[in-house]
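Letters are used for the chains, namely A, B, C and D, taken in the order the chains are written, and counting of residues starts over at 1 for each.
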Amino acid sequence: MIRHQYRCSVRWSDMDVYGHVNNSVFLTYLEEARGDMLGRQASTAGVGTFAAGCVSAKHEIEYKAPLEWREATVAVEVWVTGLRAASFSLAYEVKDERTLYARAASTMVPYDLESRCPRRLTEPERAYLTRFLTQH
Amino acid sequence: MIRHQYRCSVRWSDMDVYGHVNNSVFLTYLEEARGDMLGRQASTAGVGTFAAGCVSAKHEIEYKAPLEWREATVAVEVWVTGLRAASFSLAYEVKDERTLYARAASTMVPYDLESRCPRRLTEPERAYLTRFLTQH
Amino acid sequence: MIRHQYRCSVRWSDMDVYGHVNNSVFLTYLEEARGDMLGRQASTAGVGTFAAGCVSAKHEIEYKAPLEWREATVAVEVWVTGLRAASFSLAYEVKDERTLYARAASTMVPYDLESRCPRRLTEPERAYLTRFLTQH
Amino acid sequence: MIRHQYRCSVRWSDMDVYGHVNNSVFLTYLEEARGDMLGRQASTAGVGTFAAGCVSAKHEIEYKAPLEWREATVAVEVWVTGLRAASFSLAYEVKDERTLYARAASTMVPYDLESRCPRRLTEPERAYLTRFLTQH
């Protein structure tokens, strides 16, 4: 199993009144990690089509420990847990060496920006995602 | 069944490049509606203790239709789907007269800010939440 | 002198660790008020062209008092302090009945989204802005 | 003249509908760079007192070129342009090798969080800031 590794900066303004990264900001961290995997790294691997749009159909996130502001980045790991004709599932962990801050999962739908319609995964996309595929 | 009704403003900056309210911003809308129910309205009803802290343990959200910027507010309905000793479950719908934009659910944990520990629901809190309780 | 009046919601997540609305969020409040004046109200007055784009060239903002979270909206007043061939100046106050929270000023440049170039103000735009024109 | 150098990540959600980093987000970039200079680096230099609070009294920002999303960080340079008894002035540039995106200036006020009052700069703070002092 390969997990995509992303290092996410924590901004001071990500914190709320309680001094913890606000729970909605975690979805932004997932978005950054997902974009890095489906955008930058996929393009490097010759699969530039995700960049043309991929819509979030569902997110689930469990908060395991409060994340406080810190100078160091936090790690976001992303991998694929399911591949279907016109959608796929991702799992994530937000963590550092000592602590698991959140576990999350998303259902993603490839999207044709011009026709504004969902579309099927292409073969190169499927091959790329398969590298990150694991059962859980 | 009573659902708490909240009207949420849509800010121009809530939109992303695709011209839709970004998916992480929906969690902010839920937070506003939840705060209105557990903060303002609970205080009005004589239950001021939620304001001392309530932590999100889990969120699930399904995106049903893209929400574009608009002058009108969007409705967020919140209700209670489960009550346990030291946690409770909420459900939400983000919608207007014509469209359901998102359906969501949260697990919330009452929290003692001083001891930084989870705590049990008090009787007045339980009575307040029961007003909004439904099975699904 | 007419000032455009806008009521802005304060979100819980607008606050930072100090319990005050974060200073960058004030620019979002100005943006909402400006959009209401140059978008919605201008369109109602038959001047729909601002909506096609208007770029911020400069902002200045002085923070006069900390703004804490509150259920009530905060007022943002906007008016015009200068009109030039291809730019105009706005002034703002963020306040409520008792307190002035911030005073601000912007230089705005009408923008042609297709050619991606600055453009001159049209006569209808100039007439609309003149309603809000004052010397300071 | 020494300028403090900070590398700021650009998040996908920093962009607005026009595909440019939203103008309010630039203040967040300045905040990150300022926090790095007055927090992390000052603490490393033995001046830990800024971390106890420093309030923005004024910001000015000129937008010189649109900043689009990119994988690479953007540089934020910060330096000191004035030192007074109970306030100081900062200047900033947001840029990369090829483009200057924004120029900005802030007036900062040291703040005693306990008494909730402005306070004078201490001698170690003054000495630290002097390293970054230039006339313009």
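Quick note on the criterion: a contact is a pair of C-beta atoms (placed from the backbone, for glycine too) under 8 Å apart; a residue touches a chain by one contact, two chains touch by 3 or more.
Note that the structure is a prediction, hence the values are computed from the model and not measured.
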Pair with more cross-chain C-beta pairs in contact, given C-D and B-C: C-D
Message: Please identify the chain with the largest separation between its CA centroid and the CA centroid of chain A.
response: C
- prompt: Counting in whole Å, what is the centre-to-centre distance of chain B and chain D, each centre being its mean C-alpha position?
  reply: 35
- prompt: For chain B and chain C, what's the span in angstrom between their mean Cα positions?
  reply: 30
Query: When the centre of a chain is set as the mean of its C-alpha atoms, what distance in Å lies between chain C and chain D?
result: 24
Field: Of all residues in chain D, the ones touching two or more other chains
entry: 12-13, 22, 24, 28, 31
- prompt: Of all residues in chain D, which touch chain C in the complex?
  reply: 18, 22-25, 27-28, 31, 53, 55-63, 113
- prompt: How about chain B: which of its residues touch chain D in the complex?
  reply: 12-13, 15-17, 19, 22, 24, 69
Message: List the residues on chain C that touch chain B in their complex, please.
response: 8-9, 11-13, 28, 31-32, 35-36, 40, 71
